[in-house]
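Next come two complexes, and both contain subunit A; in the first it sits with subunit B, in the second with subunit C.
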Partner chain A sequence: MNRREFTKAMLACGAAIPFGITRAAGQTRGGTLNTIIQPEPPVLVTALNQQQPTLTLGGKIYEGLLKYGADLKPMPGMAQSWEVSPDGLTYTFKLFPGITFHDGKPMTSEDVVFSCMKLLVETHPRARQNFARVASAEAPDPLTVVFKLKQPFAPFIGCFDCTSAPIVPKHIYEGTDYRKNPDNDKAIGTGPFKLKEWVRGSHVHLVRHDGYYLKDEPYLDEIVYRVIPDAASRALALENGTVQLVQWSDVEFYDVQRFKAQKNLEFTTKGYEYFAPHQWLEMNNRIAPMNDKRFRQAVMHLIDREAFSKRVYFGNAKVATGPISSKTRFYDPNVKRYEFSVDKAKALLDDMGLKAGANGKRAEIKYIVPPYGESYQRAGEFFRQSFARVGIDLVLVGTDMAGWAEKVGNWDYEMTQNLLYQLGDPALGVARTYISSNIKKGILFSNTQGYSNPEVDRLFDEAAITLDEARRQELYSKVQQILVEDVPVAWTLEIEYPIIYDKAFKNIVTTGIGTHETFGSVYKS
Partner chain B sequence: METARAFLRHPSGMIGLLLLLVVVVVAITAPIVFPVSPWEMVGAPFTPPGEDGLWLGGDTLGRDVAAGVAYGARVSLLIGIASALAAMAIGVVIGAISGYFGGKVDLVLMRMTELFQTIPAFVLAILLVATFNPSLLTIILTIGAVSWPPLARLTRAEFLRLRHREFVEAALCQGERTWRIVLGHILPNAISPILVVTSLTVATAILLESALSFMGLGDPNLMSWGFMIGAGRTVIRNAWWMSVFPGLAILVTVLAINLFGEGLSDVLNPRVSRRRS
Partner chain C sequence: MTRLGSAAAIGLQAISRIAQLVAVILVIATFNFVLVRAAPGDPAQVMAGQSGASDPKLLDDLRKEYGLDKPYFVQLVSHLGRVVRLDLGYSYRQRRPVVDLILERLPATLLLTVTAFCLALLIGTALGALAGLAAGSVLDTVFTVLSLVLYATPVFWLGLMLVLVFSVALGWLPPFGYETINVQLSPVAHALDIMKHMIMPVTSLAAIYLAIYARLMRSSIIEVAQQDFIKTARAKGLSGTRIVVGHMLRNALVPVVTVAGMQAGALVGGAVVIETVFAWPGLGRLTFEALLQRDYPVLLGIFLILSIVVIALNLLTDLVYRLIDPRMTTGAA
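Let's turn to the complex of A and B:
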């Protein structure tokens, strides 16, 4: 069902039952949304930079062919309908008619082919991997795009949202040095909002794109992203109404509780389903004692993850049960559970022969504290106390960002903490951490802990090219059972970032990418 | 003996000494009064002072602030004294060589000292600690390395003053070795102002360590006052006690050392003590 059919269906419903506010009625034009961008992005072109602030802001300017709901199923974006051939090799997208870029030129299938196959494969690491699987991309007519894959790749349909494959104008970028193109400063996309002004260090001002192809959208006149580097000032800005929306880590976890109680504000943890930030205690599997499965299992028993969530993240997190987040597709809760038990941990350590030495210590392990803010520091302190209960000395080592990336990327560490996005499908965001083909020295967010299991490799590989959903579930369930038994990393929490906004604004969170969305349907009541 | 009695009659010096003794006693008895590690999460997060047996409240993880303050005294005193001694060692050696030999040696050493004096101490300390990874040893050495110039200057001045006094000339005539003259004759006569400045350096060293820890550049395995304030700063609107108590601890300790140092200075300075009696 596409957007138009959906609207028709809703109208049909409306004829039968009385309804209050729906998409068809009750929305008002006009209004300004003030929000925060933190830290200030280096550029607004999402095709060139995929850091969170760039994606949040650029999501209003650049669109993708599809959107993904909270269930991560595809929804129409710039493509009003799509078809996948039964062999899983051909993907045909039909675009909405009348889409225009902010400079007035029409957006056609040529732009899509250029963006995906020429520009993104050079500038967007994630898109490069996805579109490397494409044998040919064609634009038979201005509203039709056809991708032919080399071999089936089940999550391919999950690669077209505005963060994974933003569409840029071919007439501006073709034949130029993409990163140095002078028009990058104008940030010309097709989204419901266009760039009016960017005062560095102060704010980014977006205004309505009048030629937007969806009727009535956008409802808002303007969105102002304010740059507020200090955390306390950001919290204050939300409290006194200077800004009406905060997302991601704009306000610190310890402030969230306070805003939940503020009457004019709405709080939600929805809108992060696509990313499903998954956090773990990473252990270098190459080094003793972490090379012993029993040690890693003991670690799972040692960390009281309920308390960890409560004390360090103030409850803004859910205990992770394994490698796949409960928000990601193919999650299977039926895996071995490691309850908090110091005795079980001790038994496992004794069993592997890691007994207390003369000084009463079993081992001394260096733990690199990721330099990404206070909660990471507190987490390290929490882990150290957890390990102390069984006589393991966790020595915290501080470092800077470059140092952390260098050490972890080059496997020069014993333990650290890590957090990765799951990107909607295990083949996109989960497999990369565990398959042995992704043990790549020098590359961060790869299989840095060096876990290798041929059976796991086989299951992930087969699941990626299998189209049948039931079969994929079977394969991923199997792989989850094996991984939870082997514990390559000690999964701790699914972090639940908040979105907090003024209740006057509606439709803030409509899809699985939350505030990265276009905001075309956001309106002020 | 005379000096000790003079000090006992020095009111602010005695207040300083008493406060300092309190801090030292707290530091020594910390493991007896608080047998559990200050890192242990003993209560609920954000416990206000007085509840759940936590006199000074709990921090964001539920750790005992009182235990943190007590153990922090150990860290602060240790780092303060050790780095002041390090600064004294560097400063006295450079100042003594410079003042005794004079000439080109003096010129080179003093230009080097000036170089250190022109660089803001705290900025240099941040740079050094960040480069060598924060640990107890690197922090002590760093604070020592940025605090020695005043001591070198002072030692040099004292050596210049004493270098040509009769007893030194006499020792020279007797053919005593240079190191014996320096250590046996000049240094004992120059030591009182050096001790006074060193005692004041302890106070600045404690402040420097607290500032480094506040910025997250302390040894992450040591519970120090600066670290506690840094960790509590962000939640000061909800939980004042996490930063106020360690802050008071720093205030009291630094004040005590300063009062003590000034008292010492008054007593050891003959002119002042003569006026007193």
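Let's turn to the complex of A and C:
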């Protein structure tokens, strides 16, 4: 079935129904879902802030033109259909009729053009990079949007979910200072839920948007996001039923196992396919001994990543084989494998001349522990023990979020741990870590380790503008082989965050963005 | 000196005291600014970092918005200018005036900390006094061991254990928060609802204060009991009750008031650990989160208010001393 046939089939059903959504008889209107938001977002407008909690909560309030399934293929969002010209330059979206903002005003193609081309390019770093590729955006009629690109950009169709391109009301934001707009507090979107109350430090209360354009949706009357800052307290809240859903790192990995056994709860690791959180040990390639490829290869051999997954993440992770996650597109498993081998690590270190001194130590390296929860602390301890096996003293250095961001962003570190989302396509979420043009001092989540390889740059550039999928796979396979040989960072795990929820709730996970989704189809049985 | 002249002298003295106070507050405000800014980290970096994506434009925009693009000295002068105008500034991170953020959290904080503090002070001193009066008895030993255990118990652990027992196992008390969300209640029912939510956090917080005051009061009573004026009182034939109430307690309370005065300043700052464990929307959490985010205006605003409260409480403690112990007023006039 091609895209057009798919859309027709959906429309023939009376509504564009995303895959995986239960439409069995018996789904009922009403009910409240209590869940957690942590840390508390500074603002709910996802166009202005893209922290993970902001996206989780804002995903119920703001929508995008498309959604993406677990296979990362596009599905209707506010756009009921779309067409891409054969040259890959023109993208035409047809919107559903009758979409309204929470203030009752209609949402039209003008709002889409304004959001993507004016507001998001100002406030949303990811969207800025994506829409900078657009030569023109037009709204020929209220339900049609046409984007014309300067040159083909293969993953452009993957840039329209509610986290990447949330649509905001033009009538509220046009001509204003977007960040200081007083209506930011009202968080007016088109989503199935609207803001009723936000008691800072306590909870955010969403209620159903009665004018929602999809028939019968939303089913729930309310969603209450509770701010519970302590991880142990969050686990207790799930255990005693105060909340019925936890996501991302709401509960620590060591608590996950016992919740799996709790009979009233459902457990899944689905719903993270778009983000595909990919974790690595980051090494500053500018500093000795990390500037030697052999050292970095030795690090790959040194870490028993199976044990790392089991002991630190309690099995909620899969061993990463290279820069691209197996959960995203263009992953190639046929790359060099670094099995756990202390002897091979030692041989590589000896070969590069990093031999033990009089004190029996080969080197002392400072490792900054990322301040993002207990797992990171445990990971640091695990690495320290791993490195000790070959006489490398890993000195763990603690810091807070601000300190970590400043040190890593400004390349003032030797080793640390990092985790990035793959964002549905290597051109969007992977290339940024390895291409030379993204070595930017002061900028987090850029090529902070300072790896540079002209061939890698060329391959990533070509793959981004190539439309033929087979050719893209070829290019990305090649880039994976080179990177796995060069080891700019030591990939450790594909983290499988859990989603744990009360079995009474259905359709919690319906797309590749999981609990960031709108929840219009979620119902309580 | 004429009456007019005397009034003018008092006026001048008052003006001089106020000027002194303003100077102290400005020095503290400067010190706070330097201290907060000395910590490594940049709020724009933190915010960009948490968004999982960043570029130079985002950082520039955020720094401009936060006023961090201006020279350090200009930022300091503008901060002091705001302090003089009693303007606490604006949190660009939370996109709200700092005074609103503080006022919104203050009631919950004061309710928690003041209740815990008063309970601890009353019960702690009473228990301490009883133990002290019965020094060496079984009662004293029980009190001493109990207060030692309470003093040594980590407050977060006690909080979590209370939740486990009274919420998870027995289901008697709400585990978190300040009030039941999403229900319409009459004012009386609402007050009762808040009280129900307060029981566990107040108990956890009061436990440690209670232990401190009980131990302090006990040793203070024992010390006072050995003073000569107590012996004199006994020799004069005063009744036991009169000696205890009129002489021992008043004197033994002095060190307790000193410690209470010092701790009272912290009440406004909230109780970070308890607020975190019980998801209590207080000022302690706001401060801690602002610190992590390097939300300078919020931090400086809270620090300023705390400084003023501490100064005021120091004055109040002096007054209370004089009420308890008239000797302290000697020569003061």
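Operating definition for what follows: the second predicted complex is superposed on the first by the 502 of 525 C-alpha atoms of A that agree within 3 Å, B and C clash if a C-alpha of one lies under 4 Å from a C-alpha of the other, contacts with A are read in each partner's own complex, and residues count from 1 in each chain.
The rule is simple: a residue touches a chain if its C-beta (ideal position, glycine included) is under 8 Å from a C-beta of that chain, and two chains touch if they have at least 3 such contacts.
The structure presented is a predicted model; accordingly, all values stated were derived computationally and were not measured.
Student: Based on the shared subunit A superposition, would you classify subunit B and subunit C as clashing or fitting together?
Tutor: fit
Student: Answer with first, second, both or neither: which of subunit B and subunit C does A:288 touch in the superposed model?
Tutor: A:288: touches no partner chain.
Student: In the superposed model, does subunit B or subunit C contact more residues of subunit A?
Tutor: Of subunit B and subunit C, C contacts more residues of subunit A.
Student: Touching A:232, do we find subunit B (first), subunit C (second), both, or neither?
Tutor: both
Student: Identify the partner contact of A:135: answer first if only subunit B is touched, second if only subunit C is, both if each is, neither if none is.
Tutor: neither
Student: Does the superposition put A:199 against subunit B (first), subunit C (second), both, or neither?
Tutor: In the superposed model, A:199 contacts subunit C only, not subunit B.
Student: For A:126, is the partner it touches subunit B (first), subunit C (second), both, or none of the two (neither)?
Tutor: It touches subunit C, and subunit B stays clear.
Student: Once the shared chain is lined up, is A:378 touching subunit B (first), subunit C (second), both, or neither of them?
Tutor: After superposing on A, A:378 lies in contact with subunit B but is clear of subunit C.
Student: Can A:400 be said to touch subunit B (first), subunit C (second), both, or neither?
Tutor: After superposition on chain A, A:400 lies in contact with both partners, subunit B and subunit C.
Student: Just checking: does A:504 make contact with subunit B only, subunit C only, both, or neither of them? Give me first, second, both or neither.
Tutor: A:504 contacts neither subunit B nor subunit C.
Student: Rounded to the nearest Å, state the minimum C-alpha distance from subunit B to subunit C in the superposed three-chain model.
Tutor: 7
Student: Which subunit A residues lie in the overlap of the subunit B contact set and the subunit C contact set?
Tutor: Subunit A residues touching both partners: 232, 399-400.
Student: Tell me, which parts of subunit B touch subunit A in their complex?
Tutor: Those residues of subunit B that touch subunit A are 37, 39-41, 45, 60-62, 130, 133-134, 216-217, 220-221, 231, 234-235, 237-238.
Student: List the residues on subunit C that touch subunit A in their complex, please.
Tutor: 39-43, 45-59, 61, 65, 92-95, 101, 104-105, 108, 156, 160, 163-164, 167-168, 171, 175-178, 181-182, 276-279, 281-282, 285-286, 289, 291-294
Student: Per the contact definition, I'd like the list of subunit A residues that touch subunit B in the complex.
Tutor: Against subunit B, the touching part of subunit A is residues 231-232, 252, 254, 258, 307, 310-312, 314, 369, 374, 377-378, 380-382, 384-385, 388, 395-400.
Student: Enumerate the contact residues on subunit A facing subunit C in the complex.
Tutor: Against subunit C, subunit A makes touches at 32, 39-40, 42-43, 49-52, 122-123, 125-126, 128-129, 179-180, 184-185, 199-203, 205, 222, 224, 226-230, 232-233, 236-237, 239-240, 242, 399-407, 409, 420-421, 440, 442-446.
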